[in-house]
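Each chain gets a letter, A, B, C, D and E, in the order it is written, and its residues are counted from 1.
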Amino acid sequence: MTSLELLNIRKSYGGTRVLDDVSLEMDDCEFVAFLGPSGSGKSTLLRIIAGLETADAGEVRLAGRRIDQLPPGERNVAMVFQSYALYPHMTVRENMAFGLRNARVPKDEIDARIAQAAEVLEIKDQLDKKPAQMSGGQRQRVAIGRAIVKQPGLFLLDEPLSNLDAALRTRTRVELAQLRRRVAAAVIMVTHDQAEAMTLADRIVVMNERRIQQVGTPMEIYAHPANAFVARFVGSPAMTLAPATLVDSDGGHARVKLSDGAEVGTRIARKALPPGALRLGLRPEAVSVVAPGAGTTDAEVQLVERLGDRTLVYAKLADGQDITASDQGNSRVAIGQKVGLSIDGGAAHLFGPDDVGHHAEPAT
Amino acid sequence: MTSLELLNIRKSYGGTRVLDDVSLEMDDCEFVAFLGPSGSGKSTLLRIIAGLETADAGEVRLAGRRIDQLPPGERNVAMVFQSYALYPHMTVRENMAFGLRNARVPKDEIDARIAQAAEVLEIKDQLDKKPAQMSGGQRQRVAIGRAIVKQPGLFLLDEPLSNLDAALRTRTRVELAQLRRRVAAAVIMVTHDQAEAMTLADRIVVMNERRIQQVGTPMEIYAHPANAFVARFVGSPAMTLAPATLVDSDGGHARVKLSDGAEVGTRIARKALPPGALRLGLRPEAVSVVAPGAGTTDAEVQLVERLGDRTLVYAKLADGQDITASDQGNSRVAIGQKVGLSIDGGAAHLFGPDDVGHHAEPAT
Amino acid sequence: MNAGGRARYAGFAFVGPFLLLYLVILIYPLLLGIGLSFDHADLFGARRWAGIDNYARLLADPVFLRSIVNTIKLALLIVPPLTLIALLLALALNRATRAAAIFRGIFFSSSVLSVTIVTLIWRFILTPDAGLLAYGATALGLAPAPFLSDPSLVIPAVAITTIWWSLGFPTMLFLAGLQQINPDIYEAAALDRAGKWTTFRRITLPSLRRTLLLVVMLQTAAQLQLFGQVQLLTGGGPGGASRTMVLFIYEAAFGRWELGYASAAAELLFVLVLAVTLLQYWLVTRREPER
Amino acid sequence: MVTPLIWTLLLSFKSNAELMRSSAAAFSGPYTLENYHAILVGSQIGRWLLNSLIVSLGTTAGVLILSSLAGYGFARLDFPFRRTLFVLVLLGLAIPEQAVILPRHQFFAVLHLHNSYPGLILPGLVAPFAVFFMTQYFRAIPVELDEAAMLDGASRLTLFWKVLLPLTLPAQATLGVFTFLGSWNDYWWPLISATTSDRFTLTVGLASAQMNYAQTSGLGFLMAQAVFASIPILIVYIVFQKQIVRAMAGAAMR
Amino acid sequence: APRDTRVEIVVQRFFGECGAVYGHSTDVAAADTECGILTTLINRFQAENPDIRVKVNVVAWPGYPQLSAQIAAGDPPDLVTMHQSTISDYQGRGLLEPMDGLLAEAGIQPAQFTDAARAGVVKAGRIYGMPWDTIGRLWHINTRLMAQAGLMDGDRPILPHSPAELLAQARQFRARTGKPYLIQAQVNAPDYHVANLYTWLIAQNAVIFPDARHVRLNTPEAREIVTLFRTLNAEGLTTRNQDFPAATASFTNGDGGIFPTGTWMIGPYDKEATTSGHPLYRAYVVRPFPRLWGHEAAFVDGHAWVVPGAERSPAERRAIARLLHFLAAHEFEWTRTGQLPSFRAVLAMPRFRALPHRADIAQMAATGAQLPDYVQRQSAIQGLIGEELEAAVTGAKPVDRALADAERRVDELLAQIM
């Protein structure tokens, strides 16, 4: 069932357009991430849904009801702020109860809901502390708890993890994932961390420059980026985009030549490609390190990032083109070394002059 | 050549011991990361080196000279604070010049050094801005620039990346790596993010509970964790530690049985193991998802984390033991599903009752 | 920030009560006063149109002109040292020790006294034949300085009294300002080889810029209205050497019953205070980046 | 710095007759409680104390309420002429008391407000600095808190009352102490507004209790009065001193 | 409780509060100090007249800002203490009730007043107050030091009869005792020099205020008087930097010969003079200002009871009259403070004459002179003249210029009176 519906939302600040005709539909219980660079309008869109900002045009509907005219408190949405925005003078319990009291929920019911949320979030013994007495991770949970107890139709999370340190972030991410399976509600999470979005969301809404660039499951977005922006933005480290020229086609599939002369055969349909300059998109896992001369082309190693289970190699082709490759965890590659790169053309992408992405045809 | 030398450093706050007999040697131009959980004393140790705290006992030597009696400004070290600690009322240029002026460096020289640092850090056109007018990433670079211009013998960085958002963090990490190759000085970086430490450091000093747990290159620490703490702390997601009992040995190598009955043959020397309860250490990449029944054992999927290029699967064995496995990027595994797990015993670790780690013998 | 702009006028409900009182109790009398300043008027309601007579007379009245000079001199002699001492005190007391807390209390307690008592105390300190300073001076074999009867010493004497009396509040403001400064930047400065003085001048002082502005503005406005100390301590003497504008206004109103004249002087004082305050604000903020 | 204070204290315990010869007598005994006795037994001191408390507390409460409301309004709400009105309030900082006190007196006479508590309290309620201070303080509170409360369904009043106001407690304490202090020591307005001695505040009452040449013949008594009148403020200060410094840190200079 | 139906009158006075000692006392004879005597007097009146409720409003000295405020607010008290020199201000503006009727009702005839007192309350031909005393300045003299200086003739101090003699005696005093001849409160006390100037101008029959709008100060007579004090100051024959409390203490401690100050100090100093061991013990007399020019004269002022204009019922008037009557009948008690009586009868009383030093100063009731009744703003004017005189005496300004400035400023002030 459709839960949230955005219709042609438009918003400007002063003379500056911030959102341009944004429309979106979201299912009940769906977890959607708004992903995009800073300033792309993610928070603004979220705040329009929450009622903290007013759209200049467009409609917001929740469970079929138009809510954009309602005050924030009556929209049946709950929000977790980036800064948590816990009430510093209230205990955890009071923080959670505040919204319910305002909604005149009976006392018993309030207690029950708080107890339950505290159970889920494992903060039962923190209920009488004040936020200042808690660690960052605990505060985060209280902020989530404050949203949960309201049993809203829609959770809105604005960069809920960005204030946490790396260790806590990974843990909290898992917690968020588990949480959403326990509470039956739709969730929108704003983030500019693609790993976060990929991990948590059912669907990702990639935003850039006032518009939605692509909407899709994490895998769709990773595997079939709609355009070069999405391709670069999603995936870490970023996809290499190397200028390429069409050479030939084998079996209807495009074959391209990189600027250093190396040729790569793709599984992308030749005829779908527009005329004009192309860029070849290569994720690091499509480029592996081999002995010099043994691969598609050779390169010089610029930087080695050892991540334990695998190693990322930042290299330069003969003509200066940067390219990121991957190697095993116990790679012996060193900076300055010459290596061979084996490019898996079957996993490559092509982007035309209009920036639209073209992807390998499914293996038959 | 030995650059920094710490000898039996001890420190208490009030009655609480924070550092216990810490000793360390560090080479010229080496990049060392202090890695450890919150409260393990990393910052304290760093601040003792900088002269911002005084050790209760022990010596600090830099380039052979004892420095623990010198005031901070005269120790020839530079520090980058977690909060940057930029002087808010000074422009970027003034921020960088401040320390040099105090050291009576000639005006020309100051200008030259600032120009050079600005060049390296790509903040040339920001020099006349004030910190408040800059983004987090830019401020970070200014903080680094302020350290660079002093041309110190040792850089101290206290969680230099923890204030950055995820996108910026990855980029800055690469920048830091490049930077240290351009400035010839030893670097100590405090962090509790193991990815950061692994990526950047020549050697990692793992700290916990007032003491150094292990010192080694990232690969040593990843591959041969000295104890269970290091094993769990380094590597993301954390290594699974499953109780195991010694069954038998094949060819002098230990073979163990997990609590669900599955048996795993390791390449760990049998005779090195102490008597008593063992734990089997498995990194996610040592456990791969296969069809049910086709692997070492079976498990039920609890959570799936899709990272694009690979997928992490959090699962439970029949007896309730948690285990983390990995699968390909396009894995179809879903929550609740039964899967088989194939355990690569050759990559497993064993920890004895004394917590000491035992690792596979090198393949011959 | 509000939904739908329904609450465009809600703000008035919050600022309204204050604004109403403000208009009725401050602005309306101010306007009445401005009206009065164009009248010949006495305390009991007699009124006669005077045009700019009062102002013309004021600007030709050497006593008034001297009171302006005295007032400005006093402000100049009080505000900078007061600010400086308060700043130093705050620096000294900006620590969490018990002693510091006790001293904060002591320095605050002089502000607690009413002006009557303050002047009384200082009269006894300053009087050359009987004051504490006199005892001290005599003990050192010096002739005690006639602080209250020498025209050139009376203004410094009043200034000292005032500084002693007013120290509490600015000290508090500075203490607060100091606590705002991120302690990390002091450590950064230590690593940057900044000595005590450099740290103060280049780190502390600039960080206190806004506090400094606030203190100076508030104190200037207050000291330009200095009154009780001179009325009680010197009566404006000797020979008018310490008559301030407000004392002049007081004398004109209550001594001579020339309400119109007093009002005109009060309006000129208002203009002076306003001008000086705005000037300070402009001087300090003009080079600040937009925030 | 402290000497004058100690001296005041010592003087207050000396007999007036002895002090008439020399105020230096303060530094040696004998000390006496006669001055405090005289204050306490003096006919109307209880009444004046009560009046001062009513006026000072009334003023303080009023200032806190008005400036909190206005501070919130100026800091958080958008309404027509907001900036202009705020500047207008700031102009009030420059208005000398003398420019308004007499016209205000006449105007209060017309309203028959003199010699009454409202007449004594009302002028103190108009405190532009308080509004400025509270506005700054409210500005320092993150807007997210407002938004969180709005999403929690709080009305503007609930938001103000339950969420923001408690956060300004340190500021209220500071402002309260200074307002109380100013009101307690105010002399001119109560002098000309309170016309009968049963409406005098402590400052006016104590002044009236002085003989013409009190400095000569009643020095000890005067000092005892000073000490006596300061006690309530010192108590208030000691109780709130922690809050005060914290508060100013929050608002003073953002 | 039944409502208080008694007629109420509000008495407003300065002189301080002394409820601690005299709160409920009606024993006037046992009372001491201005405050004590007045408090017990009113207590006694209240006790003797239970049908009247006397509400006493004690105000801070001098009480005029408050009185003005009360009048401006339309709520003045019924009976108020006022300096006689101030009556013109309020009378000139029509704010006081003429009291001829009230006094008649109280059984008091103006002829009972001393000349000095009557001059203080009669304005424009009508009586605007019941005089309560006459206060003037006297020379308080330390006879021990005068003896040491060779300026005693038996138990009588030798006082000068001309300016030259004054200087000679002062120099002699200085030489013999090493102390200043005069103790003068010159700091923050503008009226001090004015009293000197007025006294000796009046002694020469100089017209100070020729009419309501002018003063005449820049005259040879005035210059001579001021020059004398300038010389005293310049030669160190007087204390220089003292204010009133310092000068008072100075005289108490025997640090100078003569302290010209008010009648009100007789009581405290006499107490010193009768306490053995104190510097003034048996070494204190007072005299009116000496005759340096012209004839014997004293510039005096006095307190009076006045009635601000307001609507009052006949009952209230009767109550006021009864209080006035009572006060008049007990004026002797008040003179124990050191002030001179305003009723001839008291002046003649043996009890009064028997009070210490009173016989020496009683003549002031006859020689005492006040300014013409049309002179307003005396207090402001004295402040203003005093400021200029202080400048002249201390040498900050030439005498001529100071006097000319004073004249100009006073004329300007008078011109503005509405």
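FYI, a contact is a pair of C-beta atoms (placed from the backbone, for glycine too) under 8 Å apart; a residue touches a chain by one contact, two chains touch by 3 or more.
Being a predicted model, the structure only gives us computed values, none of them experimental.
J.: From chain A, how many touching-chain steps at minimum until you land on chain E?
T.: Step count on the best path from chain A to chain E: 2.
J.: Just to be sure I understand the contacts, which chains border both chain C and chain A?
T.: B, D
J.: Taking only the C-alpha atoms, how many degrees of rotation bring chain A onto chain B, rounded to the nearest 5?
T.: The two chains, chain A and chain B, differ by a rotation of 180 degrees.
J.: Looking at A-D and D-E, which one has the bigger number of contacting C-beta pairs?
T.: Answer to which pair has more contacts is D-E.
J.: Most remote chain relative to chain A, going by C-alpha centroids?
T.: So the farthest one, by centre of C-alpha atoms, is E.
J.: Which chain's C-alpha centroid is most distant from that of chain B?
T.: Computed centres place E farthest from chain B.
J.: Could you please state the distance in Å, as a whole number, between where the Cα atoms of chain B are centred and where those of chain E are centred?
T.: 92
J.: Centre to centre, by mean C-alpha position, how many angstrom separate chain B and chain C?
T.: 57
J.: I'd like the Å distance between the centres of chain C and chain D, where a centre is the mean of that chain's Cα atoms.
T.: Measuring from centre to centre gives 17 Å for this pair.
J.: Distance from the CA centroid of chain A to that of chain B, rounded to the nearest Å?
T.: 26
J.: Hunt down the residues of chain D that sit against at least two other chains at once, touch-wise.
T.: 22-23, 106, 147, 150, 207, 215, 219
J.: Touching two or more other chains, which residues of chain E qualify?
T.: 65, 68, 72, 245, 249
J.: At which residue positions does chain B touch at least two other chains?
T.: In chain B, no residue touches at least two other chains, as defined above.
J.: Where on chain C is chain E touching in the complex?
T.: Counting only chain C, the residues touching chain E are 40-46, 48, 63, 123, 127-130, 146, 148-151, 233-240, 251, 254-258, 261.
J.: So in the complex, which bits of chain C are touching chain D?
T.: Those in contact with chain D are residues 1-3, 7-15, 17-19, 21-22, 25-30, 32-33, 36, 43, 45, 101, 104-117, 120-125, 130, 132, 135, 164, 169, 172-173, 175-177, 179-180, 208, 210-211, 214, 217-218, 221, 224-225, 227-228, 246, 249-250, 253, 259, 262-263, 266-267, 269-270, 273-274, 277.
J.: Mind listing the chain E positions that touch chain C in their complex?
T.: On the chain E side, the touching residues are 64-65, 68, 71-72, 89, 93, 95, 186-190, 239-243, 245-246, 249-250, 377, 379-380, 383, 387-388, 390-391, 394, 396-397, 409, 413, 416-418.
J.: Along chain A, where are the residues that touch chain B in the complex?
T.: Counting only chain A, the residues touching chain B are 37, 159, 162, 165-167, 170, 173-174, 177-178, 181, 192-196, 198-199, 218-219, 222-223, 234-237, 283-285, 303, 305-309, 314, 329-330, 335.
J.: Enumerate the contact residues on chain E facing chain D in the complex.
T.: 10, 14-21, 23, 33-35, 55-62, 65-66, 68-70, 72-75, 77, 244-245, 248-249, 252-253, 264, 268, 278
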